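I've put the structures underneath this note.
Here come two complexes built around chain A, the first alongside chain B, the second alongside chain C.
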Partner chain A sequence: MAYSDKLLDHYENPRNVGSFGKEDDGVGTGMVGAPACGDVMKLQIKVGPDGVIEDAKFKTYGCGSAIASSSLVTEWVKGKTLDQALEIKNTAIAEELALPPVKIHCSILAEDAIKAAVEDYRKKQGTQVAPAADAA
Partner chain B sequence: MLKFPIYLDYSATTPVDPRVAARMIPWLTEHFGNPASRSHAYGWEAEAAVEEAREQVARLVNADPKEIVWTSGATESNNLAIKGAAHFYSGKGKHIITVRTEHKAVLDTFRELEREGFEATYLDPQENGLVDLDAFRAALRPDTVLVSIMFVNNEIGVIQPIAEIGEICREKGIVFHVDAAQATGKVEIDLDRLKVDLMSFSAHKTYGPKGIGALYVRRKPRIRLEAQMHGGGHERGLRSGTLATHQIVGMGEAFRIAREEMGAENERIRMLRDRLMKGLTDIEATYVNGDMEARVPHNLNISFAYVEGESLIMAIKEVAVSSGSACTSASLEPSYVLRALGRDDELAHSSIRFSIGRFTTEEEVDFTIDLLHRKIGKLRELSPLWEMVKEGVDLSTVQWAHH
Partner chain C sequence: MSDTSQVLPEADLFSRDHFALFGLPRRFVIDERALEGRYHELQSAAHPDRHAHRPEQERRLSMQWATRINEGYRLLRSPLTRARYLLELEGVDVGAENNTAMPADFLMQQMAWREALDDARNAGDPEALDALSATLRAARSGAESQLVRELDEEHNLSAAAATVRRMMFIARLGEDIAAAHEKLEN
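Showing the complex of A and B:
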């Protein structure tokens, strides 16, 4: 299969590989996919007090397109607010990397990973913020 | 000097041996006659060349040259053998048996016969890839007319118990077909001893040209087939079509070389395979697929856990290998052969078939070992599954978010 130069670059030099502590404050973790389907993506975001994503890291088990898609979104979410990050659509990822039609599901998975990470972050904040609100 | 990419996909195809190519060329340019031309010397010399090649093919497998029918390759041989015998003997019964790990040329031909009203049994192999003889016996029925089981598996290289299965079939009067495309030049084949009725051969898996193969059709006891290709009545009416003299000469020469050199060659290949296996199984969480005893030395099929197959192939582009079989590696499905062995999906996703051949060197093997160590390490650094396993998580207990 012929892949675009951008895709190959992300595959060969993946950006932001690694992990944050799952329990850390300000970290949201999204894990999507399944080994049986051939891809599992873990995307983590570190959110600052101002609600802006300061940093992101990923680990992906999957094909070259899955690795490149997740590497790309770690770059894209940085500096965005949570709502802005949620606006990243799979079609933009697919377009940027020129994913072949059979690999579109990789971009969908990357979009899902962002949603899952944001949701996890918000859930964590919610459980911590709620008691304070009660006290007030 | 290493030439890249290093070719370790000899089970997909082999280069034509230069000695074979040299023998073929005059039959394209100078001696171009039609072997079926009876009225002049051009035809006579072509016919003589075809018959000499037929003898070379027969000698490799200890058969009579009259039992060899030229075809375009093993796929055609499988079609002719299976459809031809099933149709001819359908009056006796309409039950046919094969194994789930057969090549698509056999499985798809069985599907076609099912559409025509035959009933097929697809045996599950054991975990080591071999047919369970008790399960095989249990699958036989009074109306079973044909059994088709390959000699050597193309993906995992295991050698099926052909002699034993042949005895059982002969005793019950069932036609036994064997796809030997991956076996010639790798295992000794003695058709005088083996109770096999039909056997398919391919030239290009044994350093001959693509586009030529043969079918062995036993004469004693005589096996009858319904022709699948009709025309001028070539090959005693079993397969019409002008014979491709140059291809046939190439196959004959390739099989002659195989007969003369397979002893020494297999010993050398076994050494290389053992070296490769030792070097690769050094890597944590690797599993060899298929039995190690009943196996040709040319094949090493390894699963690298927690690393996905396609990304691994991309990472090791300096070596030409295949993930699953060449026919299925473009799809997203894990290998049906490994699935049939009961390997779970994440293992199936990361299997690589290394196949070693005549021109493989020790230097190439060493480069491959080093490359795999580096790239598996890199991909596992990237793998969330590897991270979880290292943290002590049992992946089978994880609730995955299926998409």
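Showing the complex of A and C:
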């Protein structure tokens, strides 16, 4: 199967591999997995006080397409607000990397990882804000 | 002269009900010896050699039967594919391609196992691979017991679909461990 140059580049030189402290303020962690191929993906975002994603890291166990998809989205989410990050669609990921049809689920995984990370971040912020709101 | 129709239910060739073909009740727990026995009976009835001197149409039919029998046998023999098939018969899609929301603790566990596999592979450590295989076997048998409850006793199909998804991860990891083992041995 012929893979695109972009896909191979992200696979061979993945960007932003690693982890942030899970409990750190401003960090949202998304964990997702694809049963079809057993891929597991962890995507973390670090959000600044202005609500913009400053940094992102990922760790993925899976095929080349899953690694490339997660590497790509760590680049894409940087500099975006949470709502903008949520607008990233799997079709855009698949198109950018020219994923073959059998690998579309890898881009779904990456989209869902962003959603899960944003949700985790918002949940953490919510639980931190709630006591103050009660006190007011 | 042997005739397929004596053993093979004539109209069933294109039916997708493998349980019926093998004379088994639609349950997760099956009588494995009955499955084996019926498999050999069907195979020998449908074997193309038996129909070598028969008209072409009958030969073609016996080939199709042989394929269907093999397919059904393989599917029913493995607990994972059997469970998935039972859910399919009930109209439940396990969402293998698009259901990515696995429980977080399960995914953490998968990550840890994947890391252990990487470490064992890099260190060329067959004992570490064996230990991981044993852990995985325990996880698989735990999931199978859960399926007995969810499918045969409680008829809780959404819970069973979630268990099947977990088993798919475990099966995939098991294949990767086996491949790593093979590589070490060569």
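Keep in mind that, in the parts below, the second predicted complex is superposed on the first by the 132 of 136 C-alpha atoms of A that agree within 3 Å, B and C clash if a C-alpha of one lies under 4 Å from a C-alpha of the other, contacts with A are read in each partner's own complex, and residues count from 1 in each chain.
What we mean here is this: a contact is a pair of C-beta atoms (placed from the backbone, for glycine too) under 8 Å apart; a residue touches a chain by one contact, two chains touch by 3 or more.
Note that this is a predicted model, so its numbers are computed, not measured.
K.L.:
Contacts for A:V17 in the overlay, against chain B (first) and chain C (second): which applies, first, second, both or neither?
P.N.:
first
K.L.:
Applying the document's definition of touching, compare chain B and chain C: which contacts more of chain A?
P.N.:
Touched residues of chain A are more numerous for B.
K.L.:
Who does A:K80 touch here: chain B (first), chain C (second), both, or neither?
P.N.:
Neither partner.
K.L.:
First (chain B), second (chain C), both or neither: which does A:I108 touch?
P.N.:
It touches chain B and chain C both.
K.L.:
Classify the contacts of A:V40 with the two partner chains as first (chain B alone), second (chain C alone), both, or neither.
P.N.:
A:V40 contacts both chain B and chain C.
K.L.:
Figure out whether A:V32 sits in contact with chain B (first) or chain C (second), or with both, or with neither.
P.N.:
In the superposition, A:V32 touches chain B and chain C alike.
K.L.:
In the overlaid three-chain picture, which partner chain does A:K124 touch, first (chain B) or second (chain C), both, or neither?
P.N.:
The answer is neither, since A:K124 touches no partner chain.
K.L.:
Examine A:K59 and indicate which partner it touches, taking first as chain B and second as chain C; both and neither are also allowed.
P.N.:
In the superposed model, A:K59 contacts both chain B and chain C.
K.L.:
In the overlay, answer first, second, both or neither for which of chain B and chain C A:I67 touches.
P.N.:
first
K.L.:
What is the shared patch of chain A, the residues that chain B and chain C both contact?
P.N.:
31-38, 40, 42, 59, 61, 105, 108-109, 112, 116
K.L.:
State the interface residues of chain A toward chain C in the complex, per the touch definition above.
P.N.:
Interface residues on chain A, with respect to chain C: 31-38, 40, 42, 59, 61, 105, 108-109, 112-113, 116.
K.L.:
So in the complex, the part of chain A that touches chain B is made up of which residues?
P.N.:
Touch residues, chain A against chain B: 1, 11, 14, 17, 19, 31-42, 59-64, 66-67, 102, 105, 108-109, 112, 116.
K.L.:
For the complex, which residues does chain B have touching chain A?
P.N.:
Touch list, chain B to chain A: 306-308, 310-311, 314, 330, 332, 334, 344-346, 349, 381-387, 395, 400-403.
K.L.:
Would you pull the chain C residues touching chain A in the complex into a rising list?
P.N.:
94-102, 104, 106-108, 110-111, 114, 164-166, 168-169, 171-173, 176
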